[in-house]
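In what follows, chain A forms one complex with chain B and a second complex with chain C.
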Partner chain A sequence: MTVKKLVSEDSKSVVIAIEGRFDFSLHQKFRESYSSDNISGSRFCLELSKATYMDSSALGMILLLKDHAEKLSGEVVVKNPSESVKKILEIAQIHKLMTIEG
Partner chain B sequence: MDDILEKRDIKLALVVDDSAMQCKVLGVLLKEEGYKVFSANDGARGVAMYIKYKPDLVLMDINMPVMNGYEAARKIKSLSTGTSLCPLIFITSMDTDKAFIESIEAGGDGILVRPFSPAVFKAKIKSIQRISDLYQQVKVFQQEQQHDAELAEKLMSDVIESRNYALDKIGIIKKAAELFSGDIQLSALCPNGNINVLLGDFTGHGLRSAIGAIPLAETFRAMSRKGFSPFEIIKQVNHQMYDLLPVDLFLGAAFVTISSHDGSAYIFNAGLPDVYLFSEEGDIKSKFESSHPPMGILPDLLPDARLTVVPISEKDRVILISDGIVEARNEEGEMYEFERFEHAAKRGVVSGSVSESVLTSVNEFCLRMPQEDDISLIDIPCGGWEQTFVVHQAAEYINEENLSDLYDDTDSAWRWRLALNGSRLSSVNPIPMAMSQINEIEGNAEHWQSLYTILTELFVNALDHGVLGLDSELKTYHEGFIEYFKERESRLKVLDTGFVEIQLSYHPFTSGGRVKICIQDSGKGFSLREHYQKRADNKSDTPRLSGRGIELVEQLCESLEYKDNGTLVEASYVWTT
Partner chain C sequence: MFNFHIITTIAGVVLALLIGVNTLFIQLPAISVVATLLIIVIFFLLFREHQQKFNATVEAGSKNELIDAELVQTTFTQMSLLISKQVVIVETELERVTSLVRDAVGGISESFKYLQNLTADQQTMISTIISNNKNIGDDSNTTLESFVHDSSKTLEDFVGVIITTSKQSLESMGYTDEMVKQLDGIFNLLSQVENIASQTNLLALNAAIEAARAGDAGRGFSVVANEVRSLSVNSTELNNDIRNEISLAQSIIDNLRKSVELMASADMTSTLEAKDKVTVMVEHVGNVNKETNNVVEGLAALAPQIIDTVATGVRSLQFEDLTCQALASLKDNLVAIESLSEQLTLFDKNKGNCAEQLLIIQENCQALIEQTTHADQTRGVSQSSMEEGEVDLF
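Moving on to the complex of A and B:
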């Protein structure tokens, strides 16, 4: 279980990649991954291709990220969820709240 | 625990050493530190004295006859329960890594290698005592917290579950992963005999996720009791959860209304696994997937949010589950999944106990695996509710009053009137308003249930068939039934003309009274003669999906009459006390 972070040169694009189980145990690391990015208009990409599982507290964490992005007039894009993660996102109807790609 | 601490202001130390000389030396040092000292000359006696005196500190030699220090330490540590750590220090002259490692593994909290100065010895005792005090504080806090949590849990489940409706008919599985469950199961009876059921799953589990449970239960029950529509309840619950919960906490919820006299179920799934409709034979008739983000994420429901309406038969069952069931894992890390659930549910529907069948199946699958998430299920029968609905038959009230004066309001104690125009007809439900007027003026009473049913049926008829011009014939077959609700929804959305006017007048008797109801709509009306003809023709026993509402109203009313070409209905409801 890890959270990896990549920031573009202009700092406007932040990629947060989750590997393994995406659940409450990542809470602290996940929050730290974006809390210092305060540039207006930032785009946060949440890369989930390597996330094997996701629970409802992870959904809550994504909503916190969305809240953070909206305060900066930015956006959150969820990318490449695996089939099992996609199922969870679907049940929560997350596509009605933010963009899901791949 | 507090008692023992207060009683024992002197600390006790136990020295276990086969050398009487060593016992004496250590005893003197300990006395200088304020301890009362006991000593034993072998491990076995040491254990016996530990049991007898429950000391606050044990000093243990390693090489001793009968029972050595390691073995004695293991025994003592296995005996020390409760809030006291009872620190144990090995005193030895073996200055080896092996001795050090073995003494820690035997349960020792420290080791002191001879020779040492009295000052070093005292410092060691102080440091170990400090750790022991901390340990005890943590233990006491933990016990207090556990105690408080148990009390809070009991209070909460009393408030939430014991007030649920028809627990004898509705099957429930509730298996919490922690003391507090993040899942919540609610059921309530509506004034018109409908049953509202909600299964909710708050993010995570434990106390943190249980904070929203009480306000949710209160809102659900109060609004059900007052006769608000399912959609209004869902809207309010969403809004309340949004106001109340922090951003990362929300409520996945499935909401079901069973309407026996309409023969339909209203379903809304926001963030829970599919809701199931099973037939009597255990076949899956329909599944209803989540169509909305969980409650409490958005300030308002999405514009496309809507309830699904399905026709139901008496013997059907609606089953709600939380994800804890399908995600339960066994020792190999496999998940229970939907297929196993569906099989177990099918067996349960046929055998007559869904919750038992599913719970047994989940337990057999998971065996000794610790439970990771709350597990819950609600199993609701679609029929058999009529008996529980208290129908207050229209009382025969005969007095000198001339029936032609029925709608002359001069003798009324009060009158209430509300006219809704255009788009307000789709956004406002006037029935809870009317009921709250009656409750406020005349107080709460059981016979208002019947009045509620009469008002609801007549208002819905005026709106649907009058203002919206929907044909009730559509509801006579299943596909039409669904078509009807789709059409109703789309017409309501664009509604900007028309009106429905409701008038109530209240006439008290010495024991009992009469409420007169007039509802006028802006629709085209209908041919009264055709209407009565059709009613007369329709006396067959074949079950119908429409028209049951008005039959019920006729049973409840003293009189029911259509006027003005069917655009005005006048009803009179009488009760005696």
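Moving on to the complex of A and C:
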């Protein structure tokens, strides 16, 4: 249950990696991982390859991240979700709102 | 008739001769054999002579009254009786066949009617199935298909609501976190205020000491110093009260956090299962619909075939008409046979010239033959095949 953050040199690309359960307990760390990035046109990559579980609060967090990115005219890309996580993303129609890779 | 009579007489004589000769020469087989042969030869010669004579008699029959008129009349009467009897039997049988055919055709016709009713019922049932398939019976024309589709849509909306709620909750959680930070700031400020209060307290204490040292002159100042001190104590108490209140607010915020967490965190597993079930249901309904459509199409294709088959059956029922016509024409033939019988009874031995009477009978027979031939040509049954023409039963 951790949130890791990696920012590229030009600060335009932010990778947020989730490990373990992606649920309400992460909301503060998750918000902190992007709230300070205010560079226009930022690209936020949500790396989910190590996320084992996801509940509705995770989906809410992803939508908040999207709102933040849209304010900066940037984008959000979800990367490498596991099968079960991918199913939840599809049920929530997340794939219609942003790109899901892998 | 006549030659048979003579032949039997001759045969009797020959037999008697044979027996007599054989008894005579019973001891002499050779003579017996020769005698038998001799008698047979004589008989053969006699028979041949008689045959020739008889033929001559028949040829001359119209001219010579060689025929026994009474015998002819008796024979003719017998024949007439026989014919009449046969005619009666044939007539009865004809009636029977006609009635059998009518009964059978009536039965078949009834069963065709019944078959048609059954087909109509079947058609109604199929229509019911189709309409049931299209409408589950409420006012908004809900079909099973649209229901499943709506369910799927409802589930999507439900998921949407859950996620929106989570998002809003998390957003308010952010505001709450900011508020907690603000409260921390207030705590900081409170510490500063507390510092000021303790410094004021210390200052008031110093002032009181200085006032005591001044003696009577400082008595008034001592009162002021005590008042300032009690103000600092009051201020510290107030400070503590504020701190307690804010701590209470913080614990309330903790409760709020838990409550928001509950609101924001919905497990999606059951939703996933529901979604899977709906997907399966959509597929199932699709299959059922397809199956039903196939069956209904098949049934629809059967309907004209049934109608065709019934039409063929109905057309085949013409055989009743054809058969009855044939039977009716047989009655004409019976009438002809009856008049033949009558002709035979016309012969009367007392009427005189037998040959003349026979000739008249012959002429009448000829007339009957012509009549029958004519009737046969213009026979009512002009239709010889059931495939021709159309007959509607209903």
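Just so we're on the same page, the second predicted complex is superposed on the first by the 102 of 102 C-alpha atoms of A that agree within 3 Å, B and C clash if a C-alpha of one lies under 4 Å from a C-alpha of the other, contacts with A are read in each partner's own complex, and residues count from 1 in each chain.
Just so it is clear, a residue touches a chain if its C-beta (ideal position, glycine included) is under 8 Å from a C-beta of that chain, and two chains touch if they have at least 3 such contacts.
Just so we're clear, the structure is a prediction, and the values are computed from it rather than from any experiment.
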| item | value |
| --- | --- |
| Clash or fit (per the criteria above) of chain B with chain C on chain A | clash |
| Partner chain(s) touched by A:L64 [first = chain B, second = chain C, both, neither] | both |
| Touching partner for A:K96 - first (chain B), second (chain C), both, neither | first |
| Partner chain(s) touched by A:M54 [first = chain B, second = chain C, both, neither] | second |
| Partner chain(s) touched by A:Q28 [first = chain B, second = chain C, both, neither] | second |
| Superposition clash, chain C against chain B - the stretch among 4-12, 22-30, 40-48 or 130-138 that is involved | 130-138 |
| Shared contact residues on chain A - chain B and chain C | 24, 55-57, 59-61, 63-64, 91-93 |
| Footprint of chain B on chain A - complex, ascending | 24, 55-57, 59-61, 63-64, 67, 90-94, 96-97 |
| Chain A-facing residues of chain B, complex | 201, 203-204, 247-250, 252, 270-273, 289-294, 297-298, 302, 323, 373 |
| Touch list for chain C against partner chain A, complex | 156, 159-160, 162-163, 165-171, 173-174, 177, 261, 264-268, 271-272, 275 |
| Touch list for chain A against partner chain C, complex | 23-24, 27-28, 31, 54-57, 59-61, 63-64, 87-88, 91-93 |
